[in-house]
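Chain lettering (A, B, C and D) follows the sequence in which the chains are written, and residue indices restart at 1 in each chain.
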Amino acid sequence: MDKVLKIEQAAALVTDGSILALGGLSMNSSPMAFVRELIRQGKKNLTLVAIVNGMAVDWLVAADCVRRVISGLVSFEGMGLAPNFRHAVESGVVTLEEYSEYLLIARLRAAATNLPFIPTKAGLGTDVIGLHPETTRLETDPVTGEAYVACTPLPVDVAIVHAHAADVLGNVRVDPKLLWMDNEIVNAAAKTIVTVETIVPHSSFIAEPHRTTWPRFITDAVAEVPWGAYPTSCFPKYGHDKAFFSAYSKAARNPECFRTFWDSRLAGPDTHAAFLQANGGAATVNRIRRPTT
Amino acid sequence: MDKVLKIEQAAALVTDGSILALGGLSMNSSPMAFVRELIRQGKKNLTLVAIVNGMAVDWLVAADCVRRVISGLVSFEGMGLAPNFRHAVESGVVTLEEYSEYLLIARLRAAATNLPFIPTKAGLGTDVIGLHPETTRLETDPVTGEAYVACTPLPVDVAIVHAHAADVLGNVRVDPKLLWMDNEIVNAAAKTIVTVETIVPHSSFIAEPHRTTWPRFITDAVAEVPWGAYPTSCFPKYGHDKAFFSAYSKAARNPECFRTFWDSRLAGPDTHAAFLQANGGAATVNRIRRPTT
Amino acid sequence: MNMVIAGADCTIDELMVVTLARQFDNSTRAFNGAVSFIPVCAYLLARKTHAPELVWAASSIAIDADPACLGESTLSDSIWDGAVMLSNSPFDFWAWAQGMRYNTFAFRGAQIDRYGNVNNTVIGSYDEPKVRLPGGGGMADLGCMIPDIYLWSTTHSPKIFVEQLDFRSGIGWGDGGDHREKLGLPGGRKLCVTNLCVMDFHPESRAMRLKSLHPGIILETVRESTGFEVLLPEGEVPVTETPTEEELRILREEVDPTSMRLREFPQAEN
Amino acid sequence: MNMVIAGADCTIDELMVVTLARQFDNSTRAFNGAVSFIPVCAYLLARKTHAPELVWAASSIAIDADPACLGESTLSDSIWDGAVMLSNSPFDFWAWAQGMRYNTFAFRGAQIDRYGNVNNTVIGSYDEPKVRLPGGGGMADLGCMIPDIYLWSTTHSPKIFVEQLDFRSGIGWGDGGDHREKLGLPGGRKLCVTNLCVMDFHPESRAMRLKSLHPGIILETVRESTGFEVLLPEGEVPVTETPTEEELRILREEVDPTSMRLREFPQAEN
């Protein structure tokens, strides 16, 4: 079965109110082109699952697509807080369901493996487990008396991840290997949509079957979007675009500036290629491209 | 730190009475050269952890090195039962502590992650969990009422695995990637000894860091033994030697035949190279070598 | 080689493979363990006939493998050629099994009871066994995780189909009825294909029920070869549908040209 | 650039890096998270001076990385050059963290209390925060898993070193005394290095205790800059040992020639 869709078609598979898990970690490998398309299609009331994230969450919150964010951390690292996310949580427009990184991983694994809970020592003695005592339950092992946290399943409707290559059947390769936590959300998700830098012949998977990351039965749809993680990185092809992060943060200090930035450099352009063009085009691509070694 | 030892030195690190976990699965990738050296050194009272195994366990049992076997399955697949293992368990000379494959994985993961238990639905409704109610405890989730099995930690003193390449520092590569469950025993073990087909320059790890399987801090000792998994396979370099399995099973039907086989073709030869020679040498190697594609 | 079945132009191994293959469709996502030539042939045959999208992970490792012929072990790389992915046993496989990304598996057993529970652990008492068998391996695990499980046996006899297992290595329908459901386990045994007949399970009691007799086999033979009372379907017992010429051709020429599947039959031992 | 410390021939960032680096030895197996230039410099410096076998996983991913200079993010591939292994975040990293294969980590925090507990979640009340901070990320996890954890702060002030955290994102010594032990957690906070001083923890109460004052810093300044009462060591408070010329040369020329570590200091913002 040919699973290749245009990104507009793939984004249309996401229905309002879905629980959507976003791949990548912090400034690395987020499915930004897909996120932009969700914004352009005006999705509403999404719940985002984003273990450690920044720009993707901030965009979706800014566009009013989001009701709830389930996360362990949202920031632009050394470049500061994620401004729209911060204000939306502070003002109560968006509900933050907050866990630590590993508590989220454990909840996703419980969902992925059909277990009532996964135990961990993560979170013991902190205020984090008290935030959600029903989903991160403090328990005691009856035999050893050891304390542990029982993390209940976090089911995901759709996982969106960005990868390097896929064939038309939906076999996917993260090149050179999967480093981030995308497997955790993919395994927990009812559906998985993958955006890739390039569609390659099926034969290239047969030639190097040890390098395949997800087989076709994990993947529900594939969309080809070169530079599709921009402005986050896609190691080893390109790094994140620091200039975009800076300009975005600066614009966010003033609503009018942000509106202009949003229309001209973010949500306005009607394709991902046009979006890249609006952010410097070839010059930007050359700046973020990693040297091949 | 240079971690390269001769296989005799590496085997000397295993003390009598240790809990020893053997890598590989069934007829694939067992550390047979190392096992043969343990036999030659006359180890005693070992506890073997072998998730799914055959020949390695049978050898060690035949040599009277073993007091207890912790396993999910020991056989020669379609070539029949493991004869010495079978008789030693039937006669009570060796204690079998039996689990299913996943119950063992869960116990190893509990040890590897310092948790009082790992939950699973594996084993529910079978007689397997009743065999060891203290280590595979039947429990009920207090919230959902779901039954689960709580698998307690299975600590391992030494894990022995066979891989394709290592550098002198103990960085290890399984080529083209780790397929079997060696990671489970390595993560649960206090010490890990790796036998490899070849020692390669450190620079080859830096050239392809995504292909490294274990970093140096996982590895305690490395010994170079080409064809070190023989007569089991080492994909993709060579397959298992069906002729050896057949001859071994046939010899085991008669104690005298087995003694001759043992002395001449198994425990007698004083090096792994001599062992290969005693089993056909170059002709055997050519028969089991996989075609390179 | 097995004897040709009168009126079917095929041998019993071929009839078993084809019967099993017809159970699968494009939603089947299967894998296999050791000494599983019959189901491996069935997955490949289904994929080459009516279910081109069927997923089969050779040895639970090599996804979409397409070997030119089968090797002597179904748990080794001899059947991995042409795979699209070599997947990792603990992380990929067990996550996908628990998550029902894989939904189909097939078991044999040294003993099978009326509810499709299986024993591969001991004959006799556990502590003083008459025969110490290999052990259940993943039987106890997969029986709890995979919803669609098939049974097969190449030697339908009262020694295998027993009233009472000596040890329950893997759960089928458990004690019958809603036992699996009460344990929170998905699915259950679907079908049992033997060298004599095909059996399914009664939808309520979950006891084994004759579904069809292979050509030339009479009910009495099944009864005598089964250690428990086999339920009968309503009306006349049908004869197992025989393979088409095309199915036989593909099985013989493309799936298993070296007839490795005969290794599962006593007379083929060498 | 930071001002040169009188009598030490180095700047405060250099003193902090060197002080931290001297804590590590060949048994240190460390990794780092976001915005962690000071500890990253310290791991590299230790490896290039007295602890050649120290393990450092850049961004928790790139083991034994040896970058020619540091990039602008410590959580990206800009510091992965020369790595011997790119390890997988969920399987490798979290298994090794829980198994104490990694034993060393360093935290900053928007707030730190006397027991070395940290807050990076909110300032103000959780439900109606004055400032919504990024979130604890792995703080709650690693504080429970990794035995040797170091704290650092480039801006020692009463706003950071507080009497009471607004939220405990990560556990240090918890409520003090044997709280960690009672929770079954390994190790605990080792040391806190700031721009004013070095503090350790009292072996029984586990409260923060002054260990040394940086050159030119007086006790009163530390007291005024700390929101809780800092315990004092017995006898006179020593002055923090200053870097050797060789340490400074290696830090400046080999570890961080582009001075990315200054990004952690307010005046270095650009």
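FYI, contacts are C-beta pairs under 8 Å (C-beta built on N, C-alpha and C of every residue); 3 or more make two chains touch, one makes a residue touch a chain.
What you see is a predicted model; the values in this text were computed from it and never measured.
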item: Most remote chain, CA-based centroid, reference being chain C; value: D
item: Which of B-D and A-D has more C-beta pairs touching across its chains; value: A-D
item: Gap in Å, rounded to a whole number, between the CA centres of chain B and chain A; value: 39
item: Gap in Å, rounded to a whole number, between the CA centres of chain C and chain B; value: 29
item: Junction residues of chain D - those touching two or more other chains; value: 86-87, 91, 98, 145
item: Residue list for chain B, restricted to those that touch at least two other chains; value: 114-115, 120-121, 146, 176-177, 183, 210
item: Every chain pair in contact, whichever chains are involved; value: A-B, A-C, A-D, B-C, B-D
item: For the chain C and chain B complex, residues of the former touching the latter; value: 34-35, 61, 72-73, 75-78, 86-90, 94, 98, 121, 126, 128-129, 131-141, 143-145, 167-171, 174, 179-180, 183-185, 263
item: Residue ranges of chain C in contact with chain A within the complex; value: 29, 53, 55, 62-64, 80, 82-87, 91, 95-96, 98-101, 145, 186
item: Touching residues (chain side chain B, partner chain D) in the complex; value: 1, 112-115, 171, 183, 187, 202, 205-206, 209-210, 212, 215-218
item: Interface residues, chain B side, partner chain A - complex; value: 114-121, 134, 137, 141, 143-144, 146, 148, 152, 176-177, 208, 210-211
item: Chain D partner contacts - residues on chain A that touch it in the complex; value: 25-28, 52, 71-75, 77-78, 81-82, 85-86, 89-90, 92, 96, 98, 100-103, 105, 120-129, 131, 146-147, 176-181, 183-184, 233, 235-236, 239-240, 242, 290
